[in-house]
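Given below, in the form of structure tokens, are the structures.
Okay, so chain A shows up in both of these, paired with chain B first and chain C after.
The block that comes next holds the complex of A and B.
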């Protein structure tokens, strides 16, 4: 594992009877990054996160956090000492009050930040005497975030943290996350199917599709390097396989060829002109377009 | 703090069980004078066929207060109902059936430790469910003009726990395999009922039955607890409990 990587998965596979949840997932999460895991529902995001948290055992491959194997019981406990986790189900003890659950969680973490917990109780407006069962989904999410933040974790793993929240609550959660990372310097690994969220806070992104890593990199680099090239021909566009590097996907419709280029695209344009293209234009690609191109094969 | 969550999760089943079993122990104890009258008539009036011989046998044993407590409370009411509450506690003891399971798994504790704390809490509750109703008997007996040895109450309580722990462990193990609550409960109760029927029909199986240990007949007749049965069923229970812990350790959540 690279020294600066916090999370690394190599060839990670998970098979549930007839369903392949992960099919060779490979991820590398650098220390200090805010890393967004983007994928459709059922792409394998939650399974990947559960493997990292030691809740699901991989069928094959390797997953490690802080250089420790996630699937081994003892190292998984060591990982969880240094990791804050918010599940997509916000599964907390319904019978406890907010104050009881905070005290309960604090007892497991020697570096618990009681001052920070008090601050978040106030800023999240959490009613300490109310049972968890009686909390709204938004308040439940904020409580789960508080419990993850205040344990002094070096790594925060969040699975669909804003799913089911109204836009205001979702924004509050994202702002709290960004604010916490800015002040405490933790690494964040979060999954979402909301492209806007990823674009808003992530500096690195991986798009996973059918259990595989379809794309991974720094968000700015991806935006910079990917281009949509639209080529127009006199007659019907030729069925062509580009020899130039970086032609990730080619779509042919009438007189037009649309090429998703992963590296600049100048060579592709030159090659297209040699094939008779009368017009060639390159456009920047948004993360949404990139995601749709990769996952659905259309922009 | 894991103890606290285990207690909070199980307390109502435990307290309801404690109330019901204690109530039955008290009612049985206080009803002895009335029972004496009923069985005295049965002893005199019964004809010579098999059911009547059994009634006469029960009536003869019940002619002493010690015998009545054994035949009515220990052998029937307490043993059977204790098993029901043991199964109810075990069948709801697995991770997958509790709120906060994913949260627990995200804490820096091993699954083995969580299981151990949970099982220890429930076994302690079952110990109380076995002993507390029995200890009410020597306390309440003077009310109806009798006395009851404290040692008997303790031995029967321990035998119920030793023989019946297997049903708790079995339902806990099944609960780690099935995601619903009903299959562990139904399968374990079916095993208990069918096992009891088999040992009633085939006398040679009786010494190997957990019911024999729970009923404590050898202690009643000879004053010696069924040590061999106690040891055997405690070992079997520990093995099944270990299987439940291993099953929890390797399963996906």
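The block that comes next holds the complex of A and C.
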């Protein structure tokens, strides 16, 4: 489990005049993971990525990729050589044709994978003689992904890459990503507000809220430890302060008590039984429920 | 083909995959010695993380259901482990079928049975199933 981390941020802050975009963000992205960064619009996802890519300087804290400081211009150049970046801004040279842009990009990278580029042009069904300007949104994203894959990047950073794509195109993008990770062993760091995408392909996840890391961990661990426990009492449910650790949130409504447990569900159920609960049921918690709990349920 | 995933169910995908492989072995859809899909093709087919597929395969190997052969891929075990497992599951299926029959006889609806099973599983397996 002690793999090396590819991305690390510690206490990252970014202040724009009156707006605090990041407020002490801490992230650790292990090598070989597909890491999903989940947050509402304005939670700080894009700012974090811009800092990582050396496009924005943090007000405080530090961010490093491959152990190199992201905010130093020399090391940032070294980082960008090894990192493929795909954003929804899609700032490609749009006057070129697909074939021209591929050849142009290839000329910068000595380890360019021409065979792979050919394969993706085919599987993405990209029209080589069309100008980038005339491509559909989905085709542009796929082209950007192809350029990131074929330069042999060890790390792929995607900022809302599937935003605005139809479901078929979005699925094709995700499929290409998992295929690429499986065959090349790259690390993927992607931001999204699409919970479904993150649940589908990520093995690690961070939920960021108001510029801070509200939750970070292996998705399987979260799925296995979090439970929603529904307790029914004979009369009105008592106002309980659970002594068992892990009762993250308790909601009381009539005869029912609903507990969100971050861990130790059995202990909480036992304690509830001793308090007179006549029925106790534990349910798995989906990432969507967790996310809503975190961003809406600030207690 | 054989496998699918439901990422939104709250159940870890590797556990879903493990259950499906076991079920396929149990029903005979996968027979001893037969090869399972490779990690890359399966992760592409289901559009899930290759690490998740690898984790499911590792756990299945640990339980003796499959064998991972260096460079060649994953195969359903020919040894007794798989048979025992299949036997165990066949037995378990009989118990479940009997329980469902009894519950139906008492007028419990299928939907209620499903909820009861899921609740029982979520309550018990949270600890027992996970740590390796």
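Basically, the second predicted complex is superposed on the first by the 291 of 299 C-alpha atoms of A that agree within 3 Å, B and C clash if a C-alpha of one lies under 4 Å from a C-alpha of the other, contacts with A are read in each partner's own complex, and residues count from 1 in each chain.
We take it that a contact is a pair of C-beta atoms (placed from the backbone, for glycine too) under 8 Å apart; a residue touches a chain by one contact, two chains touch by 3 or more.
All figures in this text were calculated on a predicted structure; none of them were measured in a lab.
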Superposed partners chain B and chain C on chain A - clash or fit: fit
More chain A residues in contact [chain B versus chain C]: C
Contacts of A:223 with chain B and chain C, given as first, second, both or neither: second
Touching partner for A:95 - first (chain B), second (chain C), both, neither: first
Centroid geometry (CA): angle chain B/chain A/chain C, rounded to a multiple of 10 degrees: 150
Chain B versus chain C as contact partner of A:74, first or second or both or neither: first
Which of chain B and chain C A:196 touches, first, second, both or neither: second
Minimum C-alpha spacing, chains overlaid - chain B and chain C, in Å: 26
Interfacial residue positions of chain B with respect to chain A in the complex: 1, 4-5, 8-9, 99-103, 105-112, 249-250, 252-253
Chain A-touching residues of chain C, taken from the complex the two chains share: 5, 7-14, 39-40, 43-44, 47-52, 55, 115, 118-119, 122-124, 126-127, 129-130
Interfacial residue positions of chain A with respect to chain B in the complex: 50, 53-57, 73-74, 77-78, 80-81, 83, 85, 87, 89, 91-96, 104-105, 107-109
Chain A to chain C touching residues, read off their complex: 32-34, 171, 174-175, 178-179, 181-183, 196, 199-203, 219-220, 223-225, 227, 265-266, 269, 280-289
